[in-house]
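Paired with chain B in one complex and with chain C in the other, chain A is shared by the two complexes that follow.
Let's look at the complex of A and B:
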């Protein structure tokens, strides 16, 4: 890509999420001047098909490859506060990596604690071992065949249970190998991007 | 007519590459979009970067690409250039024929000057100011000769000129001209100046010449040397302000006597029709060599197919092996435990050991002298030293021990990942924590290379890889990076990986658990008896292949 466009994408479904997103963007603006796009109910056509704001939000998130207007996208959950310079992730994409993501603080016995029992067990069965748990609340991605394939798989996997997206992300990653660079926790729950993990599914 | 499909970043956009691709689509009646078309006879990537970066695994059709310019100082773009040059069946270029010919069939394409520029302007009366014009956009990497223009901007009075620009980012008066209005920009100039250091053509001097406007162009840049040596085409040494100063003087002295019709004639061959014809003559022939099809049809199908449970039928076992290295008594003692544990849980998988002492129970024994006290030279030779028929290779440090069946490691590779590795232990899982009293310089180098200290740190004690070009290049780079400091290999791995992205699967410490830290919940699949294979205590300052380093381990040799 000659001059890739870089931008940050939020998904904010419901009033509470919108308030969080506004605060997040305010924090973002202190250190970064990247373009921002927010997807709300107005920007999607799935409201009829999905019942809750949480489902709409997850559906949009797992389809971000098709929705994002940028060549290099940083997706951040609305309940994050990007307090630092987020450009290192974009540099990673420019360096040839497909995606940059951050591992979860919940590993070992806490892994997938918030995922339903059946989905959790079947995800573990797919792997056959304890995978490294990733956190999908902050992720950088670029446009190419591998990433497109990954998102297609992620959405398809999410549609099976239509609950949280993390186990689906793990399954998609396993099924759709891509070049992902692992950033440290400061990018998701630390000094660069704080993550409050607030509940936003109520309006 | 062939069924050729053009892939361009932004079809129809007001950008030079979109326009050039558009001419091909229109005149040759080819299809065009931002992605390859699997059913086409030929997919033409415009330019090559789109193949290297966005669709590196696309195949199943004849592949062609347009090669603009080789950005030799940009490691990533240079890598993409070489990747694409080796990957496609046919290369089209305006300026790099001899450079690309070594990769295979390469076609010279004459650049397309848009018809709007051809023809002398009627009223050639110029203003009293001596106007020198520049166009395009400036780049951070300075390849447009930005520093030279910055100098020249401060010397306008000295040279008796006034600089004007079309486009963006110039350090003097400039504005954006719509494409349809670019002829009016050239028409106001006494001279068009190109200061670029690296170019694929460049187009603006050709457009200016088509208007009968004299030009000053750099030598050995793009196809500028192909322009005839006539008055009105003055040259200077690229990047040199002194040489440019002389060219400006000559231009001022000769300007009035320039034959402007001769300038137009000098570019009369560079038409849109000829451009389209140069591509069509090759692609409309039926000679199709499907190099790409041979290597990637399978991957293309896999990418879009429904997920199929992996090939866990055991066939991979015939293509797998384990590689380890042990020098010195402690390491040899450790590796015996490793070998027996591997045999117990992974029967039938061959083992290769490199050591200076024969050890029983291995399938491939390489006896040789050691090169450094940490045996890293041999460890990092894992790609080239292991039998080529081993498609899936697991490397294990001598002081590790297999605790369970670890077939899953090989299966991950079978499933399409190129390599796998575990995170480092405890607090060392972040690169920021890797600094020690003996590695400050290398640590800073590593941070500078990867640009951010808050990244995942890998533990190189256990890793596995599949044979791919990407992995081969990664190992070469890892060796080179390690040799810079000859210390630990983790910093070198980070630097090498950052430069050679691969499909790397990351694992928890279950697969590389240290007995110096609590065992991960669920138990260890591989236990790392950290430090047990070492022959020295404390830190090694400097290289591990130095006399001082050997002195530290002399009692164990």
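Let's look at the complex of A and C:
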């Protein structure tokens, strides 16, 4: 691959999320000129009887490997504001890493606070301890077999509870390890990419 | 004999006269009697390492590093591991826990860590959630580190407790790490650069592995 394509993908299900995505892209354009793709309801797999916008959004997110048109993808939640240069994550992928991701601000007792008790406990039990919580709202990934396996597992794990995707992400990482590079909070909730963590469930 | 227990419901402990609140999932070291009491009351649980009985410990060991390093066995119930004192980082066992014993570590988790080396090359705890490499790096190292890494806004690892599976990738990693340090660079940023350029399957651990009150 001489010149990998790099692009940014959003998922916007419902009017509120679309408005957020538009504002996010406006912020992105101030210091980045990467291509952008937005996935909406029309990309939903019709065979899946998903009912809520949240379920559709998580289903699409955990299937992004198959949906993204880019060699190197940056996925950002619609409620983020990429105010800075996002290229260091792409450079990490070019440097040989499969994924670049950021840890959550909720660790320790607050880890996975938004996940149902059973799912949270079974996820920790799988590891034998409370793992480092990663934030799935900003992540860079490339195309290779490890990443494909990871996304396949992530989607399968998410389908078990069909709620938030973070615990499923940790179980996928356990079952299908990949080479991920950890970026700091400026890339998800800081100077490079602000994250408002807005509720966008409603249509 | 003190043992580690994992708290299941909010529990107030005393440490050197200071009241500490432990939340579900936290680890606390108590006497064996108290551990049994807390487990019977449903407040905490004593970890069951027998779930790792499939794990062969004969290729596992602890490499002690740092001023207090010494060769003595480390007990990780239900087994004990051989140790070796090292002057510089190395991987003397096929599955090595590289540990600076001056850094507190929850040995109860060692079995879980060794178990994860079935799938991962290396496990490393995050050093700090707030302060990043750009905050820790010395002025002498800043330019070098900026050339070695795409960005310095990333967390450092705590090298005082690493779980390493010996293979070509990790052997190269440790060689590079030692080379960087030998040329005058700080150990923490050298480790980060060595990881970046060797690309192991690295599982990041929460800082609680080396800071029980995190």
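In this section, the second predicted complex is superposed on the first by the 200 of 203 C-alpha atoms of A that agree within 3 Å, B and C clash if a C-alpha of one lies under 4 Å from a C-alpha of the other, contacts with A are read in each partner's own complex, and residues count from 1 in each chain.
Criterion: contacts are C-beta pairs under 8 Å (C-beta built on N, C-alpha and C of every residue); 3 or more make two chains touch, one makes a residue touch a chain.
What you see is a predicted model; the values in this text were computed from it and never measured.
S.K.: Sticking to the clash and touch definitions up top, decide whether chain B and chain C on chain A clash or fit.
M.R.: Pair status: clash.
S.K.: Answer with first, second, both or neither: which of chain B and chain C does A:178 touch in the superposed model?
M.R.: A:178 contacts both chain B and chain C.
S.K.: Name the contact category of A:160: first (chain B only), second (chain C only), both, or neither.
M.R.: neither
S.K.: In the overlaid three-chain picture, which partner chain does A:97 touch, first (chain B) or second (chain C), both, or neither?
M.R.: Both: A:97 reaches chain B and chain C.
S.K.: Classify the contacts of A:105 with the two partner chains as first (chain B alone), second (chain C alone), both, or neither.
M.R.: A:105 contacts chain C only, not chain B.
S.K.: Does chain B (first) or chain C (second) touch A:198, or do both, or does neither?
M.R.: neither
S.K.: Which partner does A:31 reach: the first (chain B), the second (chain C), both, or neither?
M.R.: So A:31 meets neither chain B nor chain C here.
S.K.: After lining up the shared chain so the two structures overlap, which partner does A:143 touch, if you call chain B first and chain C second: first, second, both or neither?
M.R.: first
S.K.: Which chain A residues are contacted by chain C in one complex and by chain B in the other?
M.R.: 88, 91-92, 95-97, 103, 107-109, 127-132, 174, 177-187, 190-192
S.K.: Mind listing the chain C positions that touch chain A in their complex?
M.R.: Residues in contact with chain A: 23-26, 51-52, 109, 111-112, 115-116, 119-120, 126, 129-130, 132-133, 150-151, 153-155, 196, 199-208, 214.
S.K.: For the complex, which residues does chain A have touching chain C?
M.R.: Within the complex, chain A touches chain C at residues 88-89, 91-92, 95-97, 103, 105, 107-109, 111, 124, 127-133, 173-174, 177-187, 190-192.
S.K.: Which bits of chain A are touching chain B when the two form their complex?
M.R.: Touch list, chain A to chain B: 1-2, 88, 91-92, 94-98, 103, 107-109, 127-132, 142-146, 149, 153, 174-175, 177-187, 190-192.
S.K.: In the complex of these two chains, what residues of chain B are touching chain A?
M.R.: 9, 17, 47, 49-50, 53-58, 76, 79, 303-304, 307, 408, 411, 415-418, 423, 430-432, 451-456, 498-508, 510, 520-522, 525
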